[in-house]
Amino acid sequence: MKLTPLDIIREFGGEIGGDGREVWLTGFANLRDAGPTDLSFYYDGRYEAALYETKAGAVLLPKGFTFREGRAPQNVVWIYVDRPEHVFYTLVKRYKARPLPPFGREMPNFVHPEAQVSERSYIGAFAYVGAGAIIEEGVYIYPYAYVGNGAVIGAGTIVYPHAVVMPGVRIGKECIIHPGAVIGADGFGFYKGDGRPYERIPQVGTVVLEDAVEVGANTCIDRSTLGETRIEEGVKLDNLIQVGHNVRIGRHTAIAAQTGIAGSSRVGAYCRIGGQVGIADHVEVADHSSIAAQSGISKSITVPGRSWRGAPAQEVRRQLLMEAIMRKLPDLYPAIQKLEQLISQNQ
Amino acid sequence: MKLTPLDIIREFGGEIGGDGREVWLTGFANLRDAGPTDLSFYYDGRYEAALYETKAGAVLLPKGFTFREGRAPQNVVWIYVDRPEHVFYTLVKRYKARPLPPFGREMPNFVHPEAQVSERSYIGAFAYVGAGAIIEEGVYIYPYAYVGNGAVIGAGTIVYPHAVVMPGVRIGKECIIHPGAVIGADGFGFYKGDGRPYERIPQVGTVVLEDAVEVGANTCIDRSTLGETRIEEGVKLDNLIQVGHNVRIGRHTAIAAQTGIAGSSRVGAYCRIGGQVGIADHVEVADHSSIAAQSGISKSITVPGRSWRGAPAQEVRRQLLMEAIMRKLPDLYPAIQKLEQLISQNQ
Amino acid sequence: MKLTPLDIIREFGGEIGGDGREVWLTGFANLRDAGPTDLSFYYDGRYEAALYETKAGAVLLPKGFTFREGRAPQNVVWIYVDRPEHVFYTLVKRYKARPLPPFGREMPNFVHPEAQVSERSYIGAFAYVGAGAIIEEGVYIYPYAYVGNGAVIGAGTIVYPHAVVMPGVRIGKECIIHPGAVIGADGFGFYKGDGRPYERIPQVGTVVLEDAVEVGANTCIDRSTLGETRIEEGVKLDNLIQVGHNVRIGRHTAIAAQTGIAGSSRVGAYCRIGGQVGIADHVEVADHSSIAAQSGISKSITVPGRSWRGAPAQEVRRQLLMEAIMRKLPDLYPAIQKLEQLISQNQ
């Protein structure tokens, strides 16, 4: 890769500032790590300190950005564009993204004769594609990916090494299943049978992932008892998440690592859920909810668009107030003790 | 599948109610999702609202169940039986359960010449069975299941794709090991050695799973340092659980997802433990304990049969009272401030 | 194995006490489980009760240890040495450690012709070594271990079954990667792109593990967006841990199971972090910090060498005091209510 600020302006529009000299850009880096041949970008006030100290060769800035007087670092070419992050990531993707393997089949692999596999797909060594499974065009099945009988992998989807797609699971288009994810294992349900206290409830439902869903490494999504566990379009799940049977997650919701959602709960659309959150079974979380890390949701959230925190969770303002008072308790304690004395004297 | 209410009565006993007409049942569904050709069931008061609105073709009800006057939905055949859930799940299992693969060996696989593998077992493609390992009758070893040297898989056990059974681990009969579970990795133990601050303590013990144990997807059970980590008969572990070295879990205890049990702790029999619970090392949890989700158990629970909640956990009633008061703290705070003034004035 | 107390003294130095008789030791056990032909050891006051009741054949004791009068159990040979635990574990390792497989290649496997693989290494059946990958001397690549294109596995490192080392990841010498660990999956980062609300930020950085790092079963370490996620020398990670992109963990830090560290955070050297801890993104944890299990670290810890607990975490003393008062709240509540009355009467 060799790129100049002018190349960028020509493609994305915008203006060049600073000393405007020609600079060959050969790498990408954030403001703090960048050197004189790196392109960097700035769009978020949290990184302003880094901007004023950067040693980057060129920095993408939002149009109309103005430096505090006299503080712009020297020897940096400024490139004013719409949406610097979009320009930056588009270029990173183009020049630095890991190449995907060529279409074709590495050997040995196991593709059942009754599976339908597009010619235009990659089947890695040791991949397994069961009877009746469908691998659509542009799909990447990495080594050790298991695609069970009758499972469907939609066009353009990537299934990374060791991901498990159990029989009958349907995955949409342009999804990414990261290594070690398990989709469609049996849900955790038991009843009092004839013999031992826990008899397994047969889990004969399935899992459906709509388009553009991402499932993080070692994340588990259980199949439903009957019907389906459904992850709607655009949902992004980080690593080591647990999604119980019969759960439904609404479109474009993003969930951070190690969160767990127990059986039959419904999470709305456009929610943002932090890491290590627990959501109990049979609850509903309204659309556009925001839930802080480590929260516990044991009752339904019915009003959309609010922010929650704590275990059990409250609206974030009240929870923060409660936490602040709790932290004062050690200081208040002597007062409380005196008051107890006061009372007993008054009685 | 084609089934009538009469077929069910003939097999399980019971009586038919409602309009008693003949109906061909071709599917199974819960009360809310069921349509006119589905069989459904009711046995738990939590679903009563759904019962009164169901559109199922037929519903299994407990013998002696009576509808609130005038509220029984029309066009549903009622089938009164002992244990509706048992009848329902037995039928679901019979008609809808995923078929297990036929006994035999998919190719390629790796079965060491010194392994003992029953003829009546399934060895999936890319399965690995090490030297000295024993695969008993009726066992299913799915693709990518790893059975290390000297490990034993008891009769009727299912080892799903990507499950790892490390060398020497012994698994009982009729167990289910879900995808990605890791049984018998080295425990997390170090001592101050000659070189770096952490020298690995050799983990030369093993893991024993008794009969009818279930291990969830991506759950980890570490081998013991010396002796054995033991999971007793009928224990059910959900996904992404951590069981440390030297732990023992008593019979018929069930544990929900993402819970962790640190080294050398002992969990009693017939316990019910929620998700994301943490149990510290070297503690004991008495039989029949019930522990709410996200609790933290840092000290032994010595009295059996009680319910616990919170981190650190208390008995559930006291913990709920404490939580209620905590939630009131923001309202009490002005009062407390006034009282502080009162005191300082009194001094 | 057949070992006498004299053999031990000869190798490690020390003195024999008790009745000093000859005893053939054939096994190793902790004080509680040991029988008359087992060697055991004592060095930590927490196990003193077990020492006074042990039935071991011989017990390693610290030099200068003195029994409480009249309480030393009979029929045990005492072996006084420097660092009993070191002697004990050295012997356990020598006599009982699982044998590693012989160097060589099990078939079938996939080693890309452009990979560099030392002759003196073990490549298990179904292992995958991609183009440009380097497997140094003394490395063990177990079945189903995936070593992506261009990844480097340093000398003496063990990669257990189902571990995933994604392309370009660099692993140092003498590391242990436990089963199911995923190193180098894409970090969880999105920006507002042209289409759906979440467009994936390309993750073109990598992961570097320095020497003597251990990564627990099913633990995930994400690659960085740009630059590298770095785990420094001697770091020990337990099972099911999440390490986000761009994180850096300082040398000889140990972290217990199910803890999560969000993106771009930096954990110092020589820290001890309990299980199920959550560390937010973009925070720093100073060297030698100690963090209790289930804590939540949402702000940077800048002072080194302190102990933290709670969520949000406070210094451990203050947090314990706060927890103690919280547990008293149910008892204080009637008093508070009376005081509220008092106030309203005074007004």
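Here the chain labels run A, B and C in written order, and each chain numbers its own residues starting at 1.
Criterion: contacts are C-beta pairs under 8 Å (C-beta built on N, C-alpha and C of every residue); 3 or more make two chains touch, one makes a residue touch a chain.
From a predicted model like this one, the values you see are computed outputs, not experimental measurements.
K.L.:
If you check the contacts of subunit B and subunit C, which chains show up for both?
P.N.:
Common neighbours, subunit B/subunit C: A.
K.L.:
Could you classify the subunit A-subunit B contact as same or different, where same means more than half of all interface residue numbers appear on both copies?
P.N.:
different
K.L.:
Find the geometric centre of each of subunit A and subunit B from their Cα atoms only, then give the gap between the two centres in Å, rounded to an integer.
P.N.:
Going by mean C-alpha positions, subunit A sits 26 Å from subunit B.
K.L.:
What residues in subunit B touch two or more of the other chains?
P.N.:
108, 126, 144, 162, 180, 218, 240, 258, 276, 326, 336, 339
K.L.:
Would you mind writing out the residues of subunit C in touch with subunit A in their complex?
P.N.:
108, 110, 126, 128, 144, 146, 148, 162, 164, 166-168, 180, 182, 185-186, 188, 190-194, 196-202, 204, 218, 220, 222, 225-227, 240, 242, 244, 258, 260, 262, 276, 278, 280, 296, 298, 311-312, 314, 318, 321-322, 325-326, 332, 335-336, 338-339, 342
K.L.:
Going by the contact rule set out above, which residues of subunit B touch subunit A in the complex?
P.N.:
Touch list, subunit B to subunit A: 28-30, 33, 83, 85-86, 89, 92-93, 96-98, 106-108, 124-126, 142-144, 160-162, 176, 178-180, 212, 214, 216-218, 233-234, 236, 238-240, 252, 254, 256-258, 270, 275-276, 293-294, 323, 326-327, 329-330, 333, 336, 339-340, 343, 346.
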